[in-house]
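You will see two complexes here that share chain A, one where it goes with chain B and one where it goes with chain C.
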Partner chain A sequence: MHLPDGFLSPQISLPAWAVAVPFWAWGARRHFGREAAESLPVMGSLTALAFVIQTILIPVPGGTSTHLTGVTLLAILYGPLAAMVCEGLVLLIQALFFGAGGVTVLGVNALAMGLLGPLAGWLAWKLLRGLSEKAALFAAGWLSMQVSTLAVVGALALQHWLDPLYFPVAPAVTLVAMGVPSLTVAGVVEGLYAVFALSLVRKANFRGVEA
Partner chain B sequence: MRLHSLVVAGRFAVAAVAVAAGTASAHEILHEVQRGKAVAVRVYESDGDPVAGTTFEIFSPAEPAKPWQTGRTDRAGWLAFVPEVPGTWRVRVIEPTGHGLDVGVEVAPPAPAEKAAGASPPAAASAPVSSAAFILRPLLGLAAIGVVFAALFLAWRKKGPPTRP
Partner chain C sequence: MASRPDPRAGRRLLAAWLVAIFALSALHDPRWLAGAGLAAVLLFHRGLWRTLGRTLRSVVPVTVGLSAASMGWNRLVTGDWPPLQPFQALALRAAVIGFLTFAVLDRLALLPALAPFPALTRLLVVTLAQIHALRLLSTESLQGLRSRLPRRPGPLDLLRGAGGITAMLFTLATRNARDISDAMRSRGF
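Then we have the complex of A and B:
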């Protein structure tokens, strides 16, 4: 799901940066100020955990692989903007030091995996937690993965339509290649991770955790 | 009469040879083998698994807007091309999932002796990532995240809680 440099043209990557930067600034101001000092250790731990689980590749039939994002829990505990900032940091480190995802496309990757997906998960959590907390957590993780995947597919499809030289794969092929693993494997594991990780965080009774 | 027959037969023979030669040159595919001319690139996941059977495109520095070569990686994740000019050759490996690679491979100009022998420009070799690096690199990332959050936490602790008006 980490788009590398060269797959998207400046027509997409530059506007995505322009949209992402204000969200990063807003999120940093809101969730990383002095009043948030108590929650920084837990936020940092969950960000580190998200970084680790994004490096674990889950093989799927067809010779490719998928992975989790792990930031839905940050959105549930601290809000979607906090998830956007933390995922932005994860993506920046991955792009600079590991070649996983690109710097020019960081805005697209961050909006897809850091904002749109976690925002959908957070909304699902808010809507469903009254019915069943565990089901709401699972749905949040699963939905977050689907929305992130759809956002990346949308960006690649738009690029194919604008200039296929950047991304020559047809949108229908991309949708199937990304959508099927996301629906059947990554989304399910992401949902289970959200349930499991929140129960651990609560058992640990960390300071600065409110959800 | 006999001489005439021989001349006619000779003309037929010449024509047959000419047609046969022409036909052969039109249909026969020949080959030559030259070792050490190609640049080979292996593509693999961060866990070491090869990126097999995946579409790749190669762009020459002389014509960067049009693929010089397209194909699929082999089952060990290798692709190869024969550079005709020195410079940065762009190699793109494109998975339909949006994962992939877009890198420049430096091809140096051939040395004079190699040029005289018709050798292609050599490419700089790069070492594969070792198995230890697979473990150390995530630790480096974790350390970077830890440093960012720890620095922020300590800075805010030092300044104390925000003063409410």
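Then we have the complex of A and C:
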């Protein structure tokens, strides 16, 4: 789902970096200082798990594929800023060691999949957990995926609007191509993953996990 | 005795690479992109085939696939094929940036270059170690599942097996992460 290098010009990628860096700095200061000794290993494992599940491509009709993000759980357990830092790290490792995504588009991808999506998921969890915990988790995962997808579509639409020769696909086409798999497949699987993964974390009874 | 990589030279190379990839991402004339690609090949000719192979395996299929899918969707929705040249420029741009990234990373000791950021280094090491551990454990579990079944495991077999092993994998990975994190903290990270 995340954008590769070359899809966005510096007109978009540089401002996105400028917005993302303060969030990373804030998140790192808040969640990864000396006092994070207990939570850092769990966050590291969940980040690694997010990395692994992001490499598993889910085929969707039309010959393309989609994937989960797996960071909604990090937002639920540690807050949206921790998810932003961890997703930034996943994207950095993917770009530097595996040639997926890219460094120029890292700011946009991190804001979409690391901040906006998990923030929406975290809000859904906070609002709905009183009604039913499992339903709230599923809704958080599903909503997180939709918001992330919309943010990526928005960035591509903005690029098309700025320079159609740079990115020639019309926003309506991008929305259909990315929105349909997200609504029907990826969102549902992300919701199920959130339910499954939180029950797993609770069963394991790790130090540094509060939810 | 092999010389230790100079972290300052590494940071300079990182900075130059960052400037170069952002500059490349601004180009959409295929001639400029081809010229930049040629310059990158001349500049980083050591290990050229390995870097080219890596780019062709991991960057080009993704960009070409996405471009083809986008063109197909465009044809399906609007009834017209979009112009080819922007997609060619897109594929070339992604390939040149990918080549440059792999060529620079081959010449760079990333962890010493990131030494001024100890928290980032610690999280990076913990995560990279867990990625390798999870991949190793999941491969071993898959091989175990294969050895227990008389036929090739199907999606349902994988799903049944995954439920049981994921908890164990995650617990092992987190214990391993805690050991690494404690070890790094005791060394001043």
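The definition used in the following text is that the second predicted complex is superposed on the first by the 211 of 211 C-alpha atoms of A that agree within 3 Å, B and C clash if a C-alpha of one lies under 4 Å from a C-alpha of the other, contacts with A are read in each partner's own complex, and residues count from 1 in each chain.
Keep this in mind: a residue touches a chain if its C-beta (ideal position, glycine included) is under 8 Å from a C-beta of that chain, and two chains touch if they have at least 3 such contacts.
For clarity, every value in this text was computed on a predicted model and none was experimentally measured.
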**Asked** Looking at the overlay on chain A, is there a clash between chain B and chain C, or do the two fit?
**Response** clash
**Message:** Quick check for you: in the superposed arrangement, does A:94 touch first (chain B), second (chain C), both or neither?
**Reply:** first
**Message:** Contacts for A:41 in the overlay, against chain B (first) and chain C (second): which applies, first, second, both or neither?
**Reply:** both
**Message:** Looking at A:9 after the superposition, I want to know if it touches chain B, chain C, both of them or none. Which is it: first, second, both, neither?
**Reply:** second
**Prompt:** Which of the two partners, first being chain B and second being chain C, lies in contact with A:167: first, second, both, or neither?
**Reply:** both
**Request:** Look at A:200 in the shared chain and tell me whether it touches chain B only, chain C only, both, or neither; answer first, second, both or neither.
**Result:** second
**Request:** May I ask you to decide whether A:51 touches chain B, chain C, both, or neither, giving the answer as first, second, both or neither?
**Result:** both
**Prompt:** For A:32, is the partner it touches chain B (first), chain C (second), both, or none of the two (neither)?
**Reply:** both
**Message:** For A:103, using the defined touch cut-off, is the partner it touches chain B, chain C, both, or neither? Pick first, second, both or neither.
**Reply:** second
**Asked** Out of 2-10, 74-82, 110-118 or 146-154, where does chain B run into chain C after the fit?
**Response** 146-154
**Prompt:** Shared contact residues on chain A for chain B and chain C?
**Reply:** 4-7, 32-33, 37, 40-41, 43-44, 47-48, 51-52, 63-64, 89-90, 93, 97-98, 100, 102, 165, 167-169, 173-174, 176-177
**Interface residues, chain A side, partner chain C - complex** = 4-10, 13-14, 28, 32-33, 37, 40-45, 47-49, 51-52, 62-64, 85, 89-90, 93, 95-100, 102-104, 163-170, 172-174, 176-177, 196, 200-201, 203-204, 206
**Asked** Hey, which residues of chain C end up touching chain A in the complex?
**Response** 18, 21-22, 25-26, 28, 54-55, 57-59, 62-63, 65-66, 69-70, 72-74, 77-78, 82-83, 85-87, 89-91, 93-94, 97-98, 101-102, 105, 110, 119-120, 122-124, 126-128, 130-131, 133-135, 138, 166-167, 170-171, 173-175, 177-178, 180-182, 185
**Complete:** As the complex stands, chain B meets chain A at residues 45-47, 49, 52-55, 57, 65, 92, 94-102, 137-138, 140-142, 144-146, 148-150, 152-153, 156-157, 159-162
**Request:** Could you pull out which chain A residues touch chain B in their complex?
**Result:** 1-7, 32-37, 40-41, 43-44, 47-48, 51-52, 55, 57, 59, 63-66, 89-90, 93-94, 97-98, 100, 102, 152-153, 156, 165, 167-169, 173-174, 176-178, 181
